[in-house]
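Note that chain A is present in both complexes that follow, paired respectively with chain B and with chain C.
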Partner chain A sequence: MIALLALFAVWTGWRVFRVDSMVRASFALMLSFVSVGAIGVLLSAPYIGVATVFMMAVEMMVMAIFMVMFMMNPAGLNPMVMVHQHRLSIAAGVLAFVGLSAAILLSPLPSDPVPEGSDVVAQLGHELLGPSMLVFETAGVTLLATMVGAVILSSRQGWFGAADHGSRPPDLTAGGDPAGRQPGDGGGHGHHHHGGH
Partner chain B sequence: MTLTIVLLAAAALIGIGLYGALSQQSFVMLMMGLELMLNGALLAVVGFWSQSLGGMPEGQLMAIIVMAVMAVEMAIGFALIVAVYRKRQADMTESIGTLKQ
Partner chain C sequence: MTALLVLAVLATLLGGTVLAALMDRAALPLAALLTRQRVETEAPDRMNRDLSSAWYLALAAIGLSVVPFAPGLALIDSPVGIVIWGSCEALVVVTVFLHGWSPNAPFPLIGAYRYAAIGLPIMLPSMFVLIAAALPAESLSLIDIVESQREIWNVLRQPLGLPLFLVVALAMTLRGPMDYADAADIATGTSAEESGAARALWQVARLAMLVSISAIAATVFLGGPLGPVLPGPVWLWLKTAALMALTVWIGNRVARTTPDRMLTILWVVLLPLSFLGLIIAGVMAL
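This part shows the complex of A and B:
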């Protein structure tokens, strides 16, 4: 069962980069997360597993909404291949898999499973609000900072206009033209991909 | 045996995620690669905790931290995408090539 779920998680993970629509890709990713959560439940980590499923279901819905808002071709009506440095990426992925697999297969893995009938969720709760409270609280404050940062980053410009208003990039050579994109020339080449390639 | 299967699946997820993060041009697809790598990390943590730690609760804590990292990555990543899109109308990595200079 666990092997089947693991296989399904990997297959759906692979589908993420093979389907033609980004919404489908996000649902494939969600299926991958759900099967990882189910593996967690089967491996006697019910809290982690169920929390993963809930969190990822919501997260992928948000992702799907983002796709529809910003991205080309959310419905997958025409083929979608948008990749760069393809060979390098394949090589890096395969290398990572082969290296990790070799490490897994060649090293002696300790075997000390969770004792039968131990109350893992209660243990987790006592750990979170006991010895590891500092870690837990730090994660909470980090999430709060994340919320503030996300709001600031995604909000419209502040009271005093754009942050780079009137700024000028430094010259590449003394007295020469400013480097890079000039402020105020807009997006320039933003939407060149909307033909669908 | 279970641990080996789970860890191999985690390794495969990390490999696929690395491929996606390096190869995709769209920011959102790129973030899906990152999420897939974190998915593999979560799977490996849960597998190790379940099969070789004798039920130490710190293992579950580790998994919770991985999930917190996922949430942070997702929120800040999408906020950055929105910010870049507002500023440059860009949703592909090639569109912000001036960062190279």
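This part shows the complex of A and C:
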């Protein structure tokens, strides 16, 4: 069962790079993580396993929205290539695979079955809010600060006016005209002055 | 015993769905849909279009399988039952999104993105009220949560919990004020390009989810199978049916606002309210 789930996780992980849309890639990655979560449940880590499914469902939904939002290919149904920087990524992939395989094969893995009837969820809770509390809380507060910062940075309204006021799109050619509509000329849309100028 | 529990879950889901169809006065229109032909869209994502209804139905079934039908007796007796339900909720958002995304057509896509925008923030109050209910039980298991309500039901101990969870129920069943996926203002949204049996199956799954989330609400806030004289399953069915009726009634009575206004309500009103409920529950549980 674990082997089947692991194979499914690898296959869906591989699909992430073979499909041609951001939405498909996000949810292929979600399926990969769901099978990893199921392996966690089978390895007597029910909370971590099920929480992985929960977190990844929410996370991949957010990721799909943001990737479609920031990609030049909206809606996600148009075909596109999911891989780039071939040599670097092949090298990084091979290196990571060899390194992780070596770590698995060379390190002595503990053979320590969970005793029947032990309360693993409560033990995890005591660990997270006991000895590991400092690490846990530091990570949590850092993530929260990052999220608040990201929202503030991407917000259009700001203390000194709109964030995109006076901004200039990148040039089409080096030193040439900027791409898109020019500030002030209405962009060929008649008299409409959209907020984005 | 397991076979009996499987039977109980399936019978509850089936009977509850029929009851929900009657409450919605949807039984006849649903049957009539079966005779209609299918609609095809250009370049759809066939797998997700054909399977999203099945996933919705499966999530309703998985959600119901963690519900205890008698004290100490659930099909999936997990120490993290409430987190399993939380995963089902999160996957419902993904499923509804894929249902709207897969036909490759404008109205379903608008419904999909609107629903994702509303469905993601609704996860937070949902988790907070469920964790608050888990605090007096000192356990994430729904069986223990039922046991913790022997003296007083959570609906009285944590008065904020059930009203907030009913908002979640409206969102999870695409209903009334929280129906940003399949609403009439965008020509039934994610279902706009669906006809015939496929549309009927999506509606059946939506009704089954009403049964499932009402059973969870009955378990977490109304003591589930606890009650005098009558056997456990009967109490669970009665409470579930009452909450289904309440959800349908609210869905029919309360008007829907614009998505951006609803987003403000969710983040500025409901989220702090649910957090307040969690803090109070935490202080009381100390």
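Operating definition for what follows: the second predicted complex is superposed on the first by the 138 of 197 C-alpha atoms of A that agree within 3 Å, B and C clash if a C-alpha of one lies under 4 Å from a C-alpha of the other, contacts with A are read in each partner's own complex, and residues count from 1 in each chain.
The rule is simple: a contact is a pair of C-beta atoms (placed from the backbone, for glycine too) under 8 Å apart; a residue touches a chain by one contact, two chains touch by 3 or more.
Remember, predicted model here, so these are calculated numbers, not experimental data.
Visitor: Touching A:65 in the superposition: chain B (first), chain C (second), both, neither?
Guide: second
Visitor: With both complexes overlaid on chain A, does A:30 touch chain B (first), chain C (second), both or neither?
Guide: second
Visitor: In the overlay, answer first, second, both or neither for which of chain B and chain C A:38 touches.
Guide: It touches nothing on chain B or chain C.
Visitor: Name the chain, either chain B or chain C, that contacts more residues of chain A.
Guide: After superposition, B is the partner touching more of chain A.
Visitor: By the touch definition at the top of the document, which applies to A:51: first (chain B), second (chain C), both, or neither?
Guide: After superposition on chain A, A:51 lies in contact with both partners, chain B and chain C.
Visitor: Output check: A:124 vs chain B and chain C. Expected answer is one of first, second, both, neither. What do you get?
Guide: first
Visitor: Which chain A residues lie in the overlap of the chain B contact set and the chain C contact set?
Guide: 47, 51, 62, 120
Visitor: Touching residues of chain A toward chain B in the complex: what are they?
Guide: My answer: residues 2-3, 6-7, 9-10, 13-14, 16-17, 22, 25-26, 29, 32-33, 36, 39-40, 43-45, 47-49, 51-52, 55, 59, 62-63, 66-67, 70-72, 82-86, 88-90, 92-97, 100-101, 104-105, 109-115, 118, 120, 123-124, 126-128, 132, 135-136, 139, 142-143, 146-147, 149-154, 156, 162, 179-181, 186-191, 193.
Visitor: Can you check the complex and tell me which residues of chain B touch chain A?
Guide: So the residues of chain B touching chain A come out as 2-20, 22-26, 28-29, 32-33, 35-36, 39, 42-43, 46-47, 49-55, 57-58, 60-61, 63-65, 67-68, 70-72, 74-76, 78-83, 85-95, 98, 101.
Visitor: Quick one: in the complex, what on chain A touches chain C?
Guide: For chain A paired with chain C, touching residues are 23-24, 27, 30, 46-47, 50-51, 53-54, 57-58, 60-62, 64-65, 75-77, 119-121.
Visitor: Where on chain C does chain A make contact in their complex?
Guide: 43, 45, 78-80, 83-84, 86-87, 90-91, 93-94, 97-98, 101, 104, 109, 113, 116-117, 119-120, 123, 140
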